[in-house]
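Two complexes follow with subunit A in common, the first pairing it with subunit B and the second with subunit C.
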Partner chain A sequence: MIRLIWSKEVRAELYTWKSVLWLLTASLVFSFTSYLLLTNKELTLLDQTELLWLLSQIIVGTALLIVTIDASSIITAELEQHTAESLFVAPIRLTDMVVGKLLAALTLWGALFVVAVPYMVVTSAGTRLTLAFLAYVALLGTIGITAMILLTFGVALLFRSSKNTLTTTLIILLGLIAPALFSSTLKTSSVAQIFSRINPVDNIFAALDNVLVDYQLSLVRNGQFLLPLVAFLLLALVFMVFAARRFERKGLVGSEG
Partner chain B sequence: MPAAIRVAGLHKSYGATPAVVDLSFAVEQGEFLGFLGPNGAGKTTTIRILTGIIRPDAGDVTVGGFTLDQREAIARMIGVVPESRGFYDWMTASEYLEFFARVYNHRESGRSSLVGSLLEAVDLTRSRDIRVGAFSRGMKQRLGLARALVNQPQILFLDEPTLGLDPQGQQDIRNLLRTLNAGGTTVFLSSHLLSEVAELCSRIAVIDRGRLVGEGTIDDLRRKAGLKPNWRVRVMGDLRALESAPFAGQVIDRTGTPPQAELLVLGDLADANRLLDELRARRLEVVKLTADNQDLEDIFMALTRRQQAETSPGSKGIEGARASAPGNRREGRGGASE
Partner chain C sequence: MNKRLIWLLVASGSCVRAESSVRSLVLEIQSAQTLSGVAGDYVTVEAQIRNTGSQPVSDVTTYLSLVNTADKLPVDLEDWSAEKGLFIGTIDAGQVLPLHWKIHFVKPGSYALLIVALTAGQGTPEVSSVVLFQVRPRNSLNPGHVLPVALGTPVVLGSLLLALNYRRRARR
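Let's look at the complex of A and B:
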């Protein structure tokens, strides 16, 4: 059943050209960034590893944004286009539906990653960091994006409206990404440091910095960044399960009689 | 043989607004039940509860012998044409049915023939490769019915299944429903088309403001509503004899050559026979006597108005409501002219 829902979602994305447009947008962003990194006078003065770190931030940030926007409508569309009732009178469990849609949203992340691979390979040429670059972007991106999708699905199940879901999740994402982009001199207060330690996006960027700039390639040495990230993933999962139970309790379709 | 659907003491509220109040009824296997009620009466809520879409606040419900906690087991044996009809517009009609055939684990080998037979049953074979987004409302309606039949359901729930269909389409769907019911499928039909319900259903349940206000055959409901059956009597001969008769006010039509008159009689068979005797005594020839069964609307109005009168503050009570029921107004019209 999960596979069936996943394939339906992927086909819907392809038929509506939504995914294709997202991939094209991502490709343009990566091209523009890579071009600047390799040709701009000020940027080319940076160490190559610093360039990789900047590109990795762009890739993960762009993917987080695109997948969150996409995921915000993937569940609510069924409710708003009145297709949910037909699904739920069939022997489909909410868990199957959510997991199928989660995999569909992760497929978009997979496609974005594939689009980013050539840029990562070209910019990391000669650094012996290509594999680590690819592996850590894949690992950290997958954990962070899975957490954001679960969070988005939870909000969607609570609000049942794509507009509200999109607005809420974009505010959350902005609240996570913006502080992560602040320079370390702006994070000297204890509150800022605590937030920085628990902010998943901050941890993704810090782990990438650790790998690409400081050559700390082992997972153990990046555990301090991975643990808060995994904790965020678990929290998002708990929130999504809570929202799903509430959704089932209140009824699978709206409350109009 | 256990009932196909059994509902006892069902309650459902949306906040402070009660949608279904102490609803109890049963539908036997193979029965064709019509479920009637005004807008907002709780019909859709009831269907959504029975199909596992929403949970009731209280009450015992079994569908096909399964309780509502066994949602998946119920889902495997029912087919539903819901009120809100959404479709995956990007799929073709055959892809859409194939998707649901896969949901019900139909084997790949038989899937294509199943989809073909369903499309044929709802007369969409020629549109099988057209995207659903390009379908008219009526075509979508047919496709929704085909989807409800994908699992060859034992119980079929239909919420306004012929809405948006042209007369020919409505008749096709009714014929299909009759065939399904004759094959043993229990049908639970919610419709605003009273003629459709009268034509198809062996039993009717009327719900108003969440409460069951009547249940049974049309005759049962008529009795409950305090209405009498209509009889139409067509006579020919010297129609001047009608003018002085005490039932002159019951003449509703004069046509034809030689001239004929049609009289409407409200009452039981004895009343109709009495009229026939009086007509014969006036040397009028009775050409035709028919029971007018197109009075479900009157029964429906009488039952639902009575419920309103009973539940609204400062109500006139049942008798007051009966006096304003349309069937009795007609009776009063006849009486006034007597």
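Let's look at the complex of A and C:
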């Protein structure tokens, strides 16, 4: 059943001109960034590893934004278009629907990653960091994006409205990304340091910095960044389960209100 | 070395007098042959300071000084090198100490570099001989074949977009 929902979502949501347009937009962002980083007179003076780090931030940041926007409507669309009734009349559990749609949203991340691969290979040529670059962007991106999708699904099941879900999740995403982009001088206060330690986006960027700039390639050496990220994933899962149970308790009628 | 360049080096941060009296400290730049490079490169300026006198010399600090000879302007080393001054402390009679500066070639051009040693309580610094070097521009129109990827990927995706749109219209 999960596979059916996933393939239906992939056909209906991803295999469309809208989805390809997102991929095209992402590729234009990656093209512009990588070309600028490699050819701009001032930017080419950066160490190649710092350049890779900047590109990895752009890739993960763009993917977080696109997948969050997609995930914010993937569940609420069923409620707003009144297709959820027919879905639940069929022997489909809410869990099947959520997992199927989670896999569909992750497929979009997979497609974005595939689009980003040529850029990562070209920019990391000659650094011996290509495999680590690909592996860590895939790993950190997948954990972070899965957590954001679960959080978005939880918000969607609570609000049952695409507009409210999109607004809320974009504010959350902005709240996580903006402080992660602050320079280290702005993170000297203890409050900023604590937030930086628990902020999942900050941990993704710090882990990429640790791998690409400081050559700390092993998972153990990146454990300090991976653990808070996994904790955020678990918290998002707990929130989504809470929202799903509340949704089941109230039933579909709740969407009318 | 023309007089104008000497005055530029003086203006770049350190006071230099062409003839000094009794010199006990001697500065020598050893990496003079390896300094040229391409903008963006990191190179190490290797030098040494020698106390040729019979008495120890205390409280010595050495500085790097750089001038763009084409623009005839002193260079602000903040972007080029993390540390301008190296505090030596005391050099015993006959002692030789190595000096290292890692510098980042930021801008292409022709440059003159020298090292200055200041001793506390002495008005006249010791200077090394001047090393002239070139920083070549980095011509990177297509580094690592980024251009085919940067242009090719959006073109492939754009074609896919058009194909999907065409197929959808054809089905109608």
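The rule we apply is simple: the second predicted complex is superposed on the first by the 249 of 257 C-alpha atoms of A that agree within 3 Å, B and C clash if a C-alpha of one lies under 4 Å from a C-alpha of the other, contacts with A are read in each partner's own complex, and residues count from 1 in each chain.
Everything below uses one rule, namely that contacts are C-beta pairs under 8 Å (C-beta built on N, C-alpha and C of every residue); 3 or more make two chains touch, one makes a residue touch a chain.
Computed from a prediction, not measured in an experiment: that's the story for all the values here.
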Is A:Trp17 in contact with subunit B, with subunit C, with both, or with neither (first, second, both, neither)?
second
Where does A:Thr130 make contact in the superposed view: on subunit B (first), on subunit C (second), on both, or on neither?
neither
Per the contact definition in the header, classify A:Pro118: touching subunit B only (first), subunit C only (second), both, or neither.
second
Should A:Gln81 be classified as contacting the first partner (subunit B), the second (subunit C), both, or neither?
first
Should A:Thr107 be classified as contacting the first partner (subunit B), the second (subunit C), both, or neither?
neither
If we overlay the two complexes on their shared chain A, which of subunit B and subunit C does A:Thr142 touch? Say first, second, both or neither.
neither
I'd like to know which partner A:Thr167 touches here: subunit B for first, subunit C for second, both or neither.
neither
Shared contact residues on subunit A, subunit B side and subunit C side combined as an intersection?
15-16
Subunit C touches which residues of subunit A in the complex?
15-17, 20-21, 23-24, 27-28, 30-32, 34-35, 38-39, 41, 44-45, 115, 118-119, 122-123, 125-126
Subunit B-facing residues of subunit A, complex:
1, 4, 8, 11-12, 15-16, 78, 81-86, 88-93, 249, 251-253, 255-257
Could you please specify the touching residues of subunit B with respect to subunit A in the complex?
12, 14, 17, 19, 40, 42, 44-45, 48, 51-55, 72, 75-76, 78, 80, 82, 84-88, 90, 99-100, 102-104, 144, 147, 151
What does subunit C use to touch subunit A in their complex?
39-40, 104, 106, 138, 140-141, 143-147, 149-154, 157-158, 160-161, 164-165, 168
